[in-house]
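Same chain, two partners: chain A is paired with chain B first, then with chain C.
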Partner chain A sequence: MNSRFVSLVRKELLDAVRDKRSVMAGLYYAVFTPLIMCGLFMVLITQMSSPDDLKITIVNSEGAPDLIRHLNNNGISHSDDASQRKKISLIISDDYATQMLAAKPAEVALQADSSNEKLADSIRRVSRSIERYSSEMAALRLIIRGINPSVVQPIKLNKQDQATRDSKGGMILGIAIFTMIYSVFISGMNLAIDTSAGERERNSLALLLSHPISVRQLVLSKITAVSIFAMLGLLLILLVSKVAYMLVPWQELGFSVGISSTFIIAMLIIGLPVAVMASALQLFVSFMAKTFKEAQSYLTIVLFVPLALSMAASYNIAPDQLRWAPVSGQQQALMELIKGKEIPLLQLLVSCGFTLLISIALALGIERMLKSEKVVFGL
Partner chain B sequence: MRLTHFFAIISAAFMAAVSGSLIADEPVSDENSCYVDGLSDRLRCGYITVAENPQKPNGRRIQIHFVVIPAIKNIYPDQAFLAISGGPGQSAIDQAPVFERAFGKVRQQRDILLIDQRGTGRSNILECNEDEIISPLEFAYEEIASADEIQACLNSMDADVSQYGSETALADFEAVRRHLGYTTLHVYGVSYGSRMAQLYMRHFPEVLATVTLDGVVPMQQSVLAVGLAVDRGLELLIRDCEGTPACHSQFPQLRDRFAQLDSRLAEGPIRTEVFHPMTGERTPFVLTRDKFLGALRMSMYAQNIRQLLPLAIDQAAVKNYQPLLGLFSLTMEGIGLAMGMHNSVVCGEDIHRLSDTMLQQMADSYISSLLVDSMSAACDQWPIESVGEAFSAPIVSALPTLLLSGALDPATPPDWADMAMVDMTNAVHLVATDATHGVAMQSCAGDLIADLVEQSSWQNLDSSCLEEGARGGFYLNASSVEAATEILSVQQEPQP
Partner chain C sequence: MIKVANLSKLIGDVQALDNLSFSAENGQITGLLGPNGAGKTTCLRMLFGLLKPDNGNAEIDGIDVAVDPTAAKQQLGLFPDPFGLYERLTPREYIRYFAEISGLSVEQAKRATADVIHDLQLEDIADRRCKGFSQGQRMKTALAQAIVHKPSNIVLDEPTRGLDVMSTRVLRGLLRDLKDQGHCVLFSSHVMQEVSALCDRVIVMAAGKVVAVGSPQELCDQTGQGSLEEAFITLIGSDEGIAA
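Entry: the complex of A and B
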């Protein structure tokens, strides 16, 4: 029985490898998704972060030479060249100096479009720089009047941020884990269709069933073969991600995103039941379709379910209910791991248990289907 | 009753002996995450336990505390950037927010390591707890403490003060480095910290990749020579104002007014009544020459507070003491120096190195002689041996070294850095035109240091940003730095 099962799996894998196109199609996702994502992040980081030398428009700069000097020290200066400067204008009021001299608030206007995300960091930098100048000046004005500036700081708020440098990148990691879990579904999909709907289309399914093997053995071998492909895709995306994420200058955003070896191992272990369920699900759906094409369109719709579950976990939608569910439960556990927190073991076991139960149910469903001649001959 | 007391002492002594022999030679340590005021990031804190006296490994043990500001993206986990504070007597850990801001770029890829040097901060701090019954405003204080006060201070400390010199402390730094597993250090020392960094170059060059000395105290120099630099700083300030049209036209007699005020205070303190800078209540204010010059001295350390000085001197000359009071209030609660540790360093390493010519020079300067006299009084009773001749030798090194000076520095003038680098073959000295003491904290130098660390070479540093006119204008009245002429032209315009 065992050797028969092994040769069946070998047959499935051989079949899959022979069809190079579908092998590659499955693995393209694993290779290119992290690369494309990291490329996008790199562009985003350069666009979002304010340049060292920030050029803006400053109107009436002669009215406040000391403020301009302060801004220059912080790398903010005026430029006449519209192509170099950001669309931020600082307008110094005409009576800035008189107001300053009389200790009245001197007026400066900051014009910019706050809905422009590329500008957000620069706008923040300009206003923070002016606020710092203002509060420094306030302290000096108090000192010169014989008052200790600590008098106007009734509360000293000491912030203690519990985030680690890894957890600060949690949002991005959520997306990364999402793409990895999704790769489990994508990588084996072509093979799943080919070995079910495809096989029937080619009329080789009936031939296969005429051999002295049980239907159960056949179903298990197909699930195993598709799972192996899914895991291969997962391993590939993990390895590519490990290299790609290292190249992105995350530190410029103040956090780091790294794929550690521990994470890779955990992901592979936790990903295994998901891969089995994905395979069973895809085979189940594909067997219901009559042709390759039909299976493809069914699966696209069905795949939305794990997609939604994973997405919900990434964006923290209904985390309490979803933590027991397959896919999102595993994803939440992985996110905790990467944030350096304890893995919620019970929750992980329950969601893995559910995942396996669903897989078994689906496998039994396929077995039952294959016992029906209507399905085998595509009637 | 007396018998039990006696017994308690015996058993206590015995217990101490037993526990002493049980402690292993290896440093004992404890680590966890913590926060430092002013910095919201989670840091790694810990300490190692070392023998207070390395010659007596079974004697009293003290904790050396450290803090690691973790790298954002730790590309070089076996390297750290060690920042050493000045004083002597400042806590490096307390300055974590300052260092984090200055070395943000270094931190992107490497841990920043801060160690409270023995006798400072959390590492068995040596402080003199004086009873402050009299308000510092009223107190006509002399900086020179009496023999009794010094003895009381010595008695109050639970330590063998002879073990708090720089070289003993350096061994602690090395122990912390080994404990944390860093193979390579980039070391930064500011002010007195530059002496620690130079000792590191002398004794453990093999673990260093780069060195930055900021506000340099050369090995050949006694820190007590800062007294002369204070006079230089005041002279620079007055010349600076004379050279700035707006300041000169506002305070044309600054030099004379300063001289008048100083000689008036030399005759005796000025007694007046002011509103307390913190409570706002009426309170007597005794302005002594010490307080006056002390406040000016401390004000010259910070670029922005320095901007207030011409106005403060000018106002004090016309009997408005509020500006001086404000400046004095900034330091009246102390400046965070562990005086016991300060004394151990200065009495062991500096006081005996003042030559006769230097003492002669210092006698002419009020601040210098005050400094020397007060330290002499303390050192007469401070039980610490003087370091040997070899201590004062300039550092011979081929390590990539960056020396930084502020042209306006009221403590360590730029020529001190030149003195420090005579035998350094791979060193460069950069002078920041507008900086005072501690260039990295008030200019682009922090980013230059990041480049030095990254490239392990100073050859490609672009120091042009140190030359730019970064200095703020002097305050012309109690509210504004903007020049009066420009204000005049605005005022002349017809008002709608």
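Entry: the complex of A and C
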């Protein structure tokens, strides 16, 4: 019984390793996805981290040398090159110096198109910089007059806004971990099709069933073979990610996504039930198809399900229910782990339990199908 | 020895098998002759438990297929139509794989594979992948798979379909060898020449029923016809679906 199972699995793997299509599918995904992700993260981080010098048009800058110095220190300066500067103009009024001297409001005009969203950040930056200068001047004037500047500041609002950074970071983590979980679906997919629909297409299924093996043995061996492929794909993507993610300048985000050995081991353990479910699901769907191509088109639709589950987990859509679901449950646990928090064990166990239950149900479904005369012979 | 008794099977609206009974003895080549659609393949599939009969049973060496399919299948070798080769495996790997899942240990399977490759003179192609094999090479590989575990019964579904004259002669020689070794050889065919050249016993089937049983000579005598072909037409009442 056992040696037959080993023979069945060994043959599936031997056959799969020689199938370029099966090997390449997993390989391409595992090697290129982390690299694409890295490129994406680098672009994202540059956008989010400290902005470059902001070039704008400043008219009559000699009228307010101190203000201009303050702006320059904050990275805002005048440029004559129209291709470099933003369409923001700062016009210093002619009577700026005299008004300033007389301690009256000195006028500075900020001209820009506020409906242009690309400019919104820059406009806010210029006006905030000027406001800061203005309040510094006010404080100085009060001090000269012997008044503590804090009397005109009844409330000191201490803003500690980390919302954008955190949610964007969460999204990045979600995507990074999802690409890894998804690899168990991608890596085994071609093998799953080849060993089920392909077996029907080649007419070898009936021959196989004519031998003294039980259908259950056959189903389990196929799930095992596909799961092994899926896990190899997962291992590969983890190793590639480990190297690739070292190249991303995470420190600018305030947290880092390091793929430690602990994380790799945790991911492999947590990924195992997902790999088994992915294999059972893909085999189940592929056995319904009579040809490789037919199975491929079914699977494209089916593979949207894990994608949707994971997206929902990353974007906090109905997170309460999804904490217990396959794929999204594991993903949330892994996100906690990579953030350095404690893994929600109960939630992880329940979602892994569900994952295995679904796998068993699918395996029984395949077994039923292979006992059906309709499926085996298309009667 | 293969014995079927009162097999009936309804597929869709068609009575594919209708109370079919016959037996095939060891040390004999038995031909299942019938026009296309007579139920030959359906009957063979039932021997392997792949189709469940509505009625009746099949026994392999006295083991009821419905009761212990694994033990029954252990005593059977199948030469299927189509062959169902794995293109990416070599014949040696392919044959060994089926030897192992037929219950041989890894060592036994290795030895049995080497033996059958020698017996069928497959040495020159044994370690090439099956992709691109000629029909004759495929036939030999499929036959090696069917007999590697030395089953007492060998079932062949339309074995000469698509083979050229040389390959057909080779196959006939191999089947005679199996018979001389005491195996029970059962094959289905709709080719008259095939059956008259090989068979010790012919079971003539039409519309899921046995129409006549006997040696080719007996069938001729029984119908008073000079050739098996004429006898056959007389027996089934038409020449539809029969190749000469």
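The working rule: the second predicted complex is superposed on the first by the 304 of 379 C-alpha atoms of A that agree within 3 Å, B and C clash if a C-alpha of one lies under 4 Å from a C-alpha of the other, contacts with A are read in each partner's own complex, and residues count from 1 in each chain.
Please note the rule applied: a contact is a pair of C-beta atoms (placed from the backbone, for glycine too) under 8 Å apart; a residue touches a chain by one contact, two chains touch by 3 or more.
Quantities reported herein were computed from a predicted structural model and do not represent experimental measurements.
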item	value
First (chain B), second (chain C), both or neither touched by A:144	first
Chain B or chain C, by number of chain A residues touched	B
Which superposed partner A:7 touches (first chain B, second chain C, both, neither)	second
Partner chain in contact with A:15 - chain B first, chain C second, else both or neither	second
First (chain B), second (chain C), both or neither touched by A:203	second
Chain B versus chain C as contact partner of A:266, first or second or both or neither	neither
First, second, both or neither for A:70, with chain B first and chain C second	first
Which superposed partner A:299 touches (first chain B, second chain C, both, neither)	neither
Interface residues of chain A shared between complexes with chain B and chain C	none
List of chain A residues in touch with chain C within their complex	3-4, 7-8, 11, 14-15, 18-19, 202-214, 373, 376-377, 379
Contacting residues of chain C [partner chain A, same complex]	11-12, 45, 48, 50-52, 69-71, 73-74, 76, 78, 80, 82-89, 93, 97-98, 100-103, 105-106, 129
Chain B partner contacts - residues on chain A that touch it in the complex	62-66, 69-70, 72-73, 94-98, 100-103, 136, 140-148, 150-151, 156, 158-165, 250-252, 254-256, 258
Residue ranges of chain B in contact with chain A within the complex	35, 37-38, 40-42, 70-74, 108-109, 274-275, 277-278, 280, 304-305, 307-308, 311-312, 321-323, 325-327, 329-330, 468-473, 475, 477-483, 486-487, 490-491
